[in-house]
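All chains are identified by letter, namely A, B and C, in their written order; residue positions are counted from 1 within each chain.
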Amino acid sequence: MTDDDTALLDVNGLSLDFGSPRGRVHALRDVTVHVPKGRIVGVVGESGCGKSTLAFAIIRLLAANAEVTGGEIIFESRNLLELSEKQMRTLRGLRMSMIFQDPMTALNPVRSIERQMIDIQYRETSSQAGKRRNAVEALARVGIPDPENRLEAYPHHFSGGMRQRICIAMALLVEPALILADEPTTALDATLEVQIIDLLQNLQKDMGCSVMFVSHHLGTVAELCDDVVVMYAGEVVERGTVRDIFNNPGHPYTQALLECDPGRIHEPTRHLPTIPGNVPDLVGLPTGCIFKDRCRHAFDRCHVERPPHHRTGNSHTAACHLREEGVETGT
Amino acid sequence: MAVSDTVHDAEAGVRGPGALSQYWQQLRRNPLGMLGLVLVVLMVGSAIFADLIVPYDATQVMAGPRLAPPSWEHWMGTDQLGRDVLSRVIMGGRVALVVAVAALGAALSLGLILGLIAGFGPQWLDNGMLLIFDAVRAFPVIIFALAVVTLLGPSLNTVVLVVAITSIPIYARVVRTQTQSLKNNEFILAERAMGAGTGRILGVHILPNVIGPLLILASMDVPLVITLEAGLSFLGMGVRPPTPSWGTILNDGFSYIRNSPWPVVAGGIPIIVTTLGFTFLGEALRDIFDPKLRKDL
Amino acid sequence: MWIYIARRLLLAVAIIVLAVTLLFVMIHSVPGDPAAIMLGPRATPELIAALHEKMGLDQPLPVQIVSFFGDLLRGDMGTDVFTQRPVSRIVFGQLPYTITLILTAIAWAALVGIPLGCYSAIRRNTLIDKVTGVLSVSTIAIPSFVMALYALLIFAVLLGWLPAIGAGEEGLWDHISHLILPAFAVGVGWVGYISRIVRASMLEILGENHVRMARAYGLPESWIVFRYALPLAILPTVTVLGVGMAHLLSAAVFAEVVFARPGIGALIVNAVDARNYPIVMGTVLVTTGLFVISTTIADLINAMLDPRVRESL
């Protein structure tokens, strides 16, 4: 990531709360993510860390009880948080599109694929036939066999993997600058996952759009992404290129995650490593570092002071006191 | 809702202390429910104490004017025979109450028994009974009622019988479902292993779980029961004159509607008040006891 | 598709057989001689015997039932004791009036109820939503014959705007003006019921994933409501109306009595009064058939609207 690359999407210090009967849930705290043009950025973390919330915050489709309490989302030089709903609608499905997690429920069951794919082109001035042609082409590109005839079918005629391909076709059909992919392979089995990831990779290369790929699966992220952002309990704890993160993880959480990944275990063992402890309660937040209760390197400063991001490489930062310059970096 | 979780564990049929006051608190917060409660108390009270509050004898033909509009002597006017309409309305409430209690009581008891049989019995019996329940419920009530009246002749008893029969399937179904789901529940099996008889299982486990939904259903059923009685009486197929029933008041008023609108108005009012009251109360109760039953939110 | 129709027919036959058998059993378990009861206290023994034979009452029960079905298959539902006319002719002659009434009631209930429910879902918890909610519950609770009486009283008797009696004679407008009040009375409870169902459906659907995805593509909100959500939300309404035919028939009976309209409701009430068994039996049969047909039609409409159902048929 050189300084020349203008970021397509700049999330700066985004903080977001959800209202709940127990009190305000601080789902996102001071989250900063940069998605440069033409790059695939992975957002990785365990369930509940806020990665999906981040994606929905960007496209501004959060639930009614969500409230942004700080920060900005700069997309193509505009702060999305300041736009009206009407203005956001001009961006959605045009400059940015989204792929959802569960393909089985993402498509309207009583409208044909053709109708739905033509609907999303509603802003185009081309003819109905032209839009239909675009749809057929898009389906062919994602590998749907016999797209000309299958276009008239309904979602329930397709398997889960096929439906996700259709959703990807739709996301690309509108030729967006940014695709938000919210765990698109989580609901699919492993073989399908590989296919879909391959597909995404090739299509992104062809189209040159940026992708924000949200996932909890490290292997997939390593395979697909150029840059990676690691999130934990609503905060970004580390960011860098995929090489930085996977070869030289700077944050103890990232290190632990990698240790726990079964794909990295080479010797037969009876014990799968885990991270002891639980994710903290996001209503009453602890002071200091968010990971301190589960970190084996935690020391007294960690309990008091929230660590800022420290540079550990060219474009690599980690929010850990241990990474402060001058501090001995032991693993 | 978190509050009710701690004091009312429907799964195990366990009710903690203070559950009743919790329910009362919740009811108080529901304005329609409170209104319903007031109306129900009003109607049931006036039915029970009918003898004490009637201004005149409901069946007594008076010497005064016929079909008179409301006045200080006759708050709801008089009917075509000069009888005081208000008195007839109040006594009609008693008839409605009797029918409701008798019919629902019979329906609940029989429904309970049939539901238990269906739940505990062999699968084929269950299937057969379910089919019959659905068929009875699906049938247009009034047509069925009229058919029975054709055979047995109009009377209060016929009305009670018809109403009871049409209500049984609803209750039987609920009991059957509960019985079936509990039958194979682990703690039931454990009890059986320890030698608990069917009676104990019935009394301790099935009944407490069933009573709640049954009572809610019953309270929602009262408007239907009253409507059916009034409807049949209106058609001349219910209670026999001179017994006053809201339906017969309406029938009389209908015949003389061009002479005076008041009997029709008067006969309709108690029906409206009672059905609204029980419906509002029933909905509020259902919200309190099982929000899951609510089909819209 | 044909399997489905065959299944439906089988169900219809089963229900009718059940209903008729029940009726026969009931008739014969009642004390007294049906023929004697029908002819009244002044009948002579000869008349009673003649009717007996005519109705085949002296034959064993199963034979009676079988011969009844035999006749039924030939379209013969027996003869009306008093007028000697075939029952089927009498009942089917009155049927169109009732069907017109019921269809009109359904039409106006759906035309008002669906938009109301849709609006309540979109403008949730606003004043209109709450008021509609209370009114819905109220109109469902209040019996339709009370509504009919009050409507008659206010609009026909006191204000004189609309006719009070009959189905109208010549001219379309005459028929329509005679339909207005009865259809109002029969349908008013359904407006509330339908609006509640549509509201609940809409709220559920608007929270589903596919709606979120449609929004993610910036589709206009009007499309989301009317093209994506509402078609799905209406589906339960169709089923409910199909099953609700029973309730609608009951309401129609009262409406026909109150407004002195011809129809099978009026027919059966008079027949019950006169203990006219053949007519009562014929009417029960026809209403059972109506009910089965209406649920079948509802299923077919559902299939038209929902491709998933189409496949399973």
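In this section, a contact is a pair of C-beta atoms (placed from the backbone, for glycine too) under 8 Å apart; a residue touches a chain by one contact, two chains touch by 3 or more.
Owing to the predicted nature of the structure, the values given are computational and were not obtained by experimental measurement.
Remark: among chain pairs B-C and A-C, B-C carries the greater number of C-beta contacts. Farthest chain from subunit C (centres taken as the mean of C-alpha atoms): A. Rounded to whole angstrom units, the spacing between the C-alpha centres of subunit A and subunit C is 55.
Our note on geometry: subunit B versus subunit C, Cα centroid distance of 23 Å, whole angstroms. Among all residues of subunit C, none touch two or more other chains. Subunit A contributes residues 59, 61, 88-94, 97-98, 100, 102, 105-112, 119-120, 122-123, 154, 156, 167, 170, 174 to its touches with subunit C in the complex.
If you check the complex, the residues on subunit B that touch subunit C are 32, 135, 138-143, 146-152, 223, 227, 230-231, 234-237, 250, 253-254, 257-258, 261, 264-265, 268, 271-272, 275-276, 278-280, 283, 295-297. Looking at the complex, you find that subunit C touches subunit B at residues 15, 18-19, 23, 26-27, 30, 134, 137-138, 140-143, 145-146, 149-150, 152-153, 157-158, 196-197, 199-200, 203, 243, 245-247, 249-250, 253-254, 257-258, 268-269, 271-273, 275, 277, 280, 283-284, 287-288, 291. Those residues of subunit C that touch subunit A in the shared complex are 208-220, 223, 227-228, 231-232, 305-308, 311.
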